[in-house]
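Two complexes are shown next, each including chain A; its partner changes from chain B in the first to chain C in the second.
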Partner chain A sequence: MQPDDLANALRPKLGPRLRAVEPFEGTAGRVRFDRTAALDLFRAVRDDLGFGHLSMVAGIDWVDRREVVYVVWSDAARQYAILSTDLPADDAHVESASPVWPSANWHEREAWEMVDIGFDHHPDIRHLLMPDGYAFHPLLRSFKLHEPEELEVKARHV
Partner chain B sequence: MSEMWINMGPQHPMTHGLWNLRVRIDGEMIRDVDPEIGYLHRGIEKISEDRHYNEVITLMDRCCYVAGFAWEHLYILAAEQALHVTPPERAEYLRTMSDELQRIASHLMWYAAFVQDLGLMSPFLYGMRDRDLVLDLLQDYTGARMTYEYMRVGGVRSDLPAGFTDRARKVLDWLSDRFHEYDQLCLGSAIFRKRCDGLGVLRANDAVAHGVTGPMLRSAGLKRDLRKDRPYAAYDRLEFDVALADGADVTARYLVRMEELRQSVRIVRQVLDWLDRHPGPSVADRLPRWLGAPYAPIGNEGYLLKRSYPKGIGFSSVEEPHGEAQAYVVNDGGEHPYRVKFRSPVFANISAARQYLVGYHVADIPPIMGSVDVCVGEVDR
Partner chain C sequence: MAAVAAIPASKAPVGAGAALPGPPLPVVHEPGVPFLEIESLRAKEFIPAAKEALTSLVAEQGQSKLIRPVFNWAGRNSLFPLHWGLACCAIEFAAAFGARWDAERFGVVPRSSPRQCDLLIVNGTVTWKVAHKLITLYEQMPEPKWVIAMGNCATGGGPFRTAYSVVPGVDKLVPVDVYIAGCPPRPEAMLDGILRLEQLIRERKE
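Take a look at the complex of A and B:
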């Protein structure tokens, strides 16, 4: 599968909400989409293109914006595809992929607690790696190493 | 009977590491589970943003303490794509050999721990004895038994010592004679069969939907192995079969891992033959100088100058002993990676615990979770 195949299959469903499909070495391509198209895109990618396996959700803090990267795999095409959307830093939230790919659950919990990205309609959003009540988002660029923060850790199951 | 939540972990013999399995039980029946992780979280992704590209390799060994090589390889592949570096062919073969020796060591470690959980003591001793031979080999050419720091962006740190391939062949011969003994100890044991057959069933559809990969997925009959589907390093030039089973239960996972041990021995033999016939450089010759030596020679002021590199994004995935691991490395042109993201296969396999635990008994948890092969280091990162 080539980037053009992805674009041809997705363009009729998403229209301008599909921003671009770029070549990405080692994968079928990198699909950039508008966050309003999230669920439509996920369903199209899974049902029409056969990417039934969501491998990973990564949040990236670009300071002026946040990016969410989804990596999906198709057993038929034996290929990965990368989906990516940009979110404004002061209003970073996107629809959860959990209804489409149940495996998104934990990855989105991690992206939320590490990079402060909200996932709307997530079934079970709470801390995953950090203790409950942890107030920081460690993978934000504004969270500096070498500056230990005041930290109040609540017991987990009181 | 009233239901209640109990904690299995963080200190429980079943967990093999620090994590907590919260179980809602009704008598002896499992009604719901809620795995809880994070006890071993060291912030490896965050620390990586503060280090040079080659310095991250040190952290990769600590990511998974039974499969350090697989994680080094994973990171190196992504970093090379992000930095536009190509390794020489001999380095690819050396990495492939390291990966497969590591897979043997990891699966033997799993075998030893898993069978001990079932109450069989002698397989533990045999598994650890044979794993030690493999660790001796790794120590032979890397100097370390767990934290190798062997691979580098653009190649590997050093080539093989003299006589290594012969020593390795001896160990492989010894190992391949042992596998049928393992099978006799386990598959021939009524205790083993009663505690494993038909337990922890996870069918392929559920496994794919919940992101499960590796031996757990192949034990459900789905043929997916990145070494075949998306070959990296030298795997496209080597002959081997994908281990498959169709029971989707604990016994099937045992069968898959045992077959993978045999296939790994087969792969390493081919690589050793190739290495004997093809001497050559094991580090790329057109390499930025700092990549060849992670620490500055004394008096080299140039090392401290601010550097910049062409931007790039690297994405890699390798078939780690536990499943598919992925790395996403963003190079924004600075001297440190801008963002490093790792996908751990065990992370996804544990997150699906509800799918293969609910409906079984509490006493079934050790064999089922044992068959998942949990390595907490890579789950928490």
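Take a look at the complex of A and C:
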């Protein structure tokens, strides 16, 4: 499967909400999409293109914007594909992929917890790695490594 | 024995050769009756009587001078650490109980339940996520209890001191008696820490 195949299959369903399809080494291609197209794209990629397994969801903080990257795998084509969407830094939220790929659940919890990306209609949005009530999103670029005592005062919920 | 001599003659306990009916049995609630015939006590009377006897004994011998060394001797020779591994220090912790170092020589036997332990060896990096579990385990241990911070992470956060998820030293959570340096400490260092704790217990007054 080539980037053109991805574009030809997805363009009729998504229209301009499909921003670009780029070649990406070792995968079928990298699909950049608008966040309003998230659920439509997920369903099309899973049902029409056969990418049945969501391997990873990652959040990236680019300071001026945030990005969510989904890596999906197709058993039939034996190929990965990458889906990514840009979010504004002050309003970073996107529709959850959990209804389409249940494995997105914990990955999205981690992305929310670490880089503060909201996932709408997530079934169970809780802290995953940090204790409940933890006040920071520590992998944001704006997060400063605190002095231990300062962090202790802020983070102590035990 | 000295306490027995303090009993007034009229309230002396019934001796082995005394015939019934003898002098009336002493009543537990009466003050100044430290020692009694154990056989004559009802079950609910035993603990007050024993307490009374012990108190009078201590009052005579001085605070804790008589029994404290015995308790300390027993305690320091049967330290039961909690079998709880957190990180790589737990590997050295395990090695210390193997054939080569054999920590059981010192009466140190890891137990799986905090109810059976009197020593908490924190061996590894303590994160904020596990912090309240650690406090729960510590609180579940019966008194008297001691804590050893094993390794640099438990002592002060180690290389992760400024990390967002790591408790900078387990003494922020529970009182620590002995710190062991090393990353990780060798089993000899752990045994040295246990021997130092035994020294602390030997000198324990209260």
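One rule holds for everything that comes next: the second predicted complex is superposed on the first by the 144 of 158 C-alpha atoms of A that agree within 3 Å, B and C clash if a C-alpha of one lies under 4 Å from a C-alpha of the other, contacts with A are read in each partner's own complex, and residues count from 1 in each chain.
Everything below uses one rule, namely that contacts are C-beta pairs under 8 Å (C-beta built on N, C-alpha and C of every residue); 3 or more make two chains touch, one makes a residue touch a chain.
Because the structure is a prediction, the values reported are computed rather than measured.
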Next on the checklist: After the superposition on A, what does A:R78 contact: first (chain B), second (chain C), both or neither?
Outcome noted: first
Checklist entry - First (chain B), second (chain C), both or neither: which does A:L145 touch? => result both
Next on the checklist: Is A:P88 touching anything from chain B or chain C once the two structures are fitted on A? First, second, both or neither.
Outcome noted: neither
Checklist entry - By residue count, is chain A touched more by chain B or by chain C? => result B
Checklist entry - Of the partners chain B and chain C, which touch A:M130 in the superposed model: first, second, both, neither? => result both
Next on the checklist: If we overlay the two complexes on their shared chain A, which of chain B and chain C does A:G15 touch? Say first, second, both or neither.
Outcome noted: neither
Checklist entry - Overlap of the chain B and chain C footprints on chain A, residue-wise? => result 129-131, 138, 143, 145, 156
Next on the checklist: Going by the contact rule set out above, which residues of chain A touch chain C in the complex?
Outcome noted: 129-131, 134, 136, 138, 143, 145-149, 151-152, 155-158
Checklist outcome for this item: Residue set of chain B touching chain A in the complex reads 36-38, 41, 43, 45-47, 50, 81, 208-211, 213, 222, 224, 229-230, 313, 315-317, 324, 326, 328, 330, 338-339, 341, 343, 347-348, 351-352, 380
Checklist entry - If you look only at chain C, which of its residues touch chain A in the complex? => result 128-129, 131-132, 135, 157, 161-165, 167-169, 172-173
Item to check | Interface residues, chain A side, partner chain B - complex | outcome: 24-27, 52-56, 58, 60-61, 69, 71, 75, 78-80, 82, 101-103, 105-107, 114, 127-131, 138-139, 143, 145, 156
